[in-house]
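We just call them A, B, C, D, E and F in the order they show up, numbering each chain from 1.
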Amino acid sequence: MMRYGILLMGAPYSSQAAHSALRFARAVAGRGHRLEGVFFYHDGVHNAARLAAPPQDEPHLVDGWAALAEDHGVSLQVCIAAALRRGLLDEREAARHGKQGHSVEPPFELTGLGQLVDLGLRCDRLVTFGP
Amino acid sequence: MLLHILNRSPATSEVYRQALSAMGAADRLLLIEDGVQGALGPLVECFGDLTGRLYALEEDLSARGLVPLCDASVVKVDVEGFVTLTEEAMRTVSWF
Amino acid sequence: MANDKAQWMEGDLLVILRHGPHGTSWLREGLDAALVAAAFGRRVTLLFMGEGVTALVPGQSGGPLGQKGTAPTLEMLEMYDIDSLLVEADALARFGLCVDGLLLPARAAGPLELSALARTHALVLTF
Amino acid sequence: MMRYGILLMGAPYSSQAAHSALRFARAVAGRGHRLEGVFFYHDGVHNAARLAAPPQDEPHLVDGWAALAEDHGVSLQVCIAAALRRGLLDEREAARHGKQGHSVEPPFELTGLGQLVDLGLRCDRLVTFGP
Amino acid sequence: MLLHILNRSPATSEVYRQALSAMGAADRLLLIEDGVQGALGPLVECFGDLTGRLYALEEDLSARGLVPLCDASVVKVDVEGFVTLTEEAMRTVSWF
Amino acid sequence: MANDKAQWMEGDLLVILRHGPHGTSWLREGLDAALVAAAFGRRVTLLFMGEGVTALVPGQSGGPLGQKGTAPTLEMLEMYDIDSLLVEADALARFGLCVDGLLLPARAAGPLELSALARTHALVLTF
């Protein structure tokens, strides 16, 4: 059993990175490893967009990550600086920036880049999926 | 031994050169996503002599209809094999 | 050379497809633009360049998580009267492909035709 | 005087495309041309993200487009299919998809790809800015 | 005469080859954004012989500190000049 | 070759920067990761590869719409004790640059060192 982390930097739909990462995450968990967390950075933060409405006959990545979190207790950490610039705010940040409405909700959590460094150095393996 | 992961086609992006220049003599290279285009006969030459250390993700080859065109020198692995490669490597480095 | 133009494809819209299926949404979104233009009665030419030629490789399937891919969309082209399909000849060679083995009937375009196509279409969109 | 259209396919912040397009748009209008519309496609739809909160000392592209629309009567057309997949919904689409809240508001309007073809063939020049 | 617009560096992406192969004998090529890297001495050779038809956006060179490194064969234009190029061309084609 | 390792840079985190300033957010976001790691007391090495070497060209400025660029961030590196800056030697040559004329003190890394760096750092992030 090893501890894994995933760094995802590609948006869903625009690039295959999110599909690859989710599939890899499931395989890691299926092999009995511990997937400690997924960190969303760069355009990867769009994976947390709660308003995403893909066609019904296509995979819904946002829901896919939420299911992974529930099934395996994986934390879903979204870089707050990358997210705010891209219009991804949870309720607290929306209030802080005087915006009506929010676009990120649990199990995704906005967090600092320090969590990425921590995840990368704490885990036995960090695997990056870029766009 | 490190595992390098490449998701761009050598026909489109020069990033494969960066991956090659960062690889040690025992390192492995796994082609995923559009990177599996590099497993095709004429393009596989971009990777020089990586015989036995060049892998391609089978699901990505298959979705693109490229399994029959994959060069014999490339080792095909499924996503389970991908995980195994990360287990065996000390560390992974992604190129995109 | 102007007198030779008639031999080249002409049309309202040239859609240049430079990406393969699955890896990005470029191919899908380029094909969607072509289909919409055709549905509006415009004459559309598709040009597959670079890795875009892999869009025409037969035997494609959906992705492991249920991604649809673009092969089904390509098969709709004929229904929309999009039958001007050109493939960059150099790219075919680079990928070891042959125009006869492709998913759809297409014609290889050499350097001279490539450099004329943007002139013989009213609008050019690159994807 | 010529009629111009712009096709923008790059997200703000992640790529320079939106900066280039906005600057070009201002220059076109400044030269006395008529800028008929800007069409947002592919990741360009993120330019319409009303919740975007870039740092205060950086350009705010979403506001920049809105100002352009007001100053020069430019229509801002967002491809609806590309937008929905990426979590960009106006109030009407949010209601249709049973989502609480929305992420796109006027002067941006969700519209079909046919508008892009129309813009491209109606204008004397269509200039594309990709990522 | 068409205006081709390229925003990727020839050091990173092969797309400049596609732009070149789609250019007619009188067409012009404008380098913008990261594409202005192609105006640097050693890289400008990627574009072959486009003398007088190869342009680079001055604001993008300037923001990158590349004005002093720009090859003399490249014509520098500001954003007003960019608009002029689009006026003079029958059509524009973007490569990215 | 294992015995030669000591001559190469070692550290906790290797950040590989492969993009120039302004064109994309990659350089900015890579530098941010490096700064945060350094602020947490980690030993960080920066490797500028490919067009990433243009990040170190002197005389950069903000963009025309008020974009900040990355030069100000680069100037903060020293404050965070990030002084291990390597530049791919081949890329320097490709861009006609010289290590002495760069914005910050850096060392050119040849092929042998490049291929060792990922081994001498606990974590490698590519941007």
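The definition used in the following text is that a residue touches a chain if its C-beta (ideal position, glycine included) is under 8 Å from a C-beta of that chain, and two chains touch if they have at least 3 such contacts.
Computed from a prediction, not measured in an experiment: that's the story for all the values here.
K.L.:
Under the touch criterion given at the top, what is the topological distance in steps from chain D to chain E?
P.N.:
The distance in steps between these two chains is 1.
K.L.:
Specify the chain most distant from chain D by Cα centroid.
P.N.:
Between chain D and every other chain, the largest centroid distance is to B.
K.L.:
Name the chain whose C-alpha centroid is farthest from the C-alpha centroid of chain E.
P.N.:
It is A whose centre lies farthest from that of chain E.
K.L.:
Comparing B-C against A-F, which pair counts more contacting C-beta pairs?
P.N.:
When the contacts at A-F and B-C are counted, B-C has more.
K.L.:
How far is the middle of chain E from the middle of chain F, if each middle is the mean of its Cα atoms, in Å?
P.N.:
Taking the average C-alpha coordinate of chain E and of chain F, the gap between them is 27 Å.
K.L.:
I'd like to verify one number: the distance from the centre of chain C to the centre of chain F, where each centre is the average of its C-alpha atoms, in whole angstrom.
P.N.:
40
K.L.:
Report the inter-chain centroid distance for chain D and chain F in whole angstrom, where each centroid is the mean of the CA atoms.
P.N.:
For chain D versus chain F, the centre distance works out to 34 Å.
K.L.:
Scan chain C for residues touching two or more other chains and write them down.
P.N.:
18, 22-25, 50, 63-64, 67, 122-123, 126
K.L.:
Among the residues of chain D, which are close enough to touch at least two other chains?
P.N.:
13-14, 16, 23, 42, 58, 126, 128, 130-131, in rising order.
K.L.:
Listing for chain E: what residues touch at least two other chains?
P.N.:
Those would be 7, 11-12, 14-15, 33-34, 59, 79, 91, 93-96.
K.L.:
Please list, in label order, each pair of chains that touches.
P.N.:
By the stated definition, chains touch in these pairs: A-B, A-C, A-D, A-F, B-C, B-E, B-F, C-D, C-E, D-E, D-F, E-F.
K.L.:
State the interface residues of chain C toward chain D in the complex, per the touch definition above.
P.N.:
Going through chain C, the ones touching chain D are 12-13, 25-26, 29, 32-33, 36-37, 39-40, 42, 122-123, 125-126.
K.L.:
What residues on chain F touch chain E, complex-wise?
P.N.:
These residues of chain F touch chain E: 18-24, 50-51, 54, 57-64, 67, 69, 71, 91, 93-96.
K.L.:
Under the touch definition given earlier, write down the residues of chain B that touch chain E in their complex.
P.N.:
Chain B residues touching chain E: 11-15.
K.L.:
Okay, in this complex, where on chain E does chain F touch?
P.N.:
Going by the criterion above, the answer is residues 7, 9, 11-12, 33-34, 37, 40-43, 59-60, 62-69, 79.
K.L.:
For chain F, which residues are in contact with chain D within the complex?
P.N.:
Those in contact with chain D are residues 22-25, 63-68.
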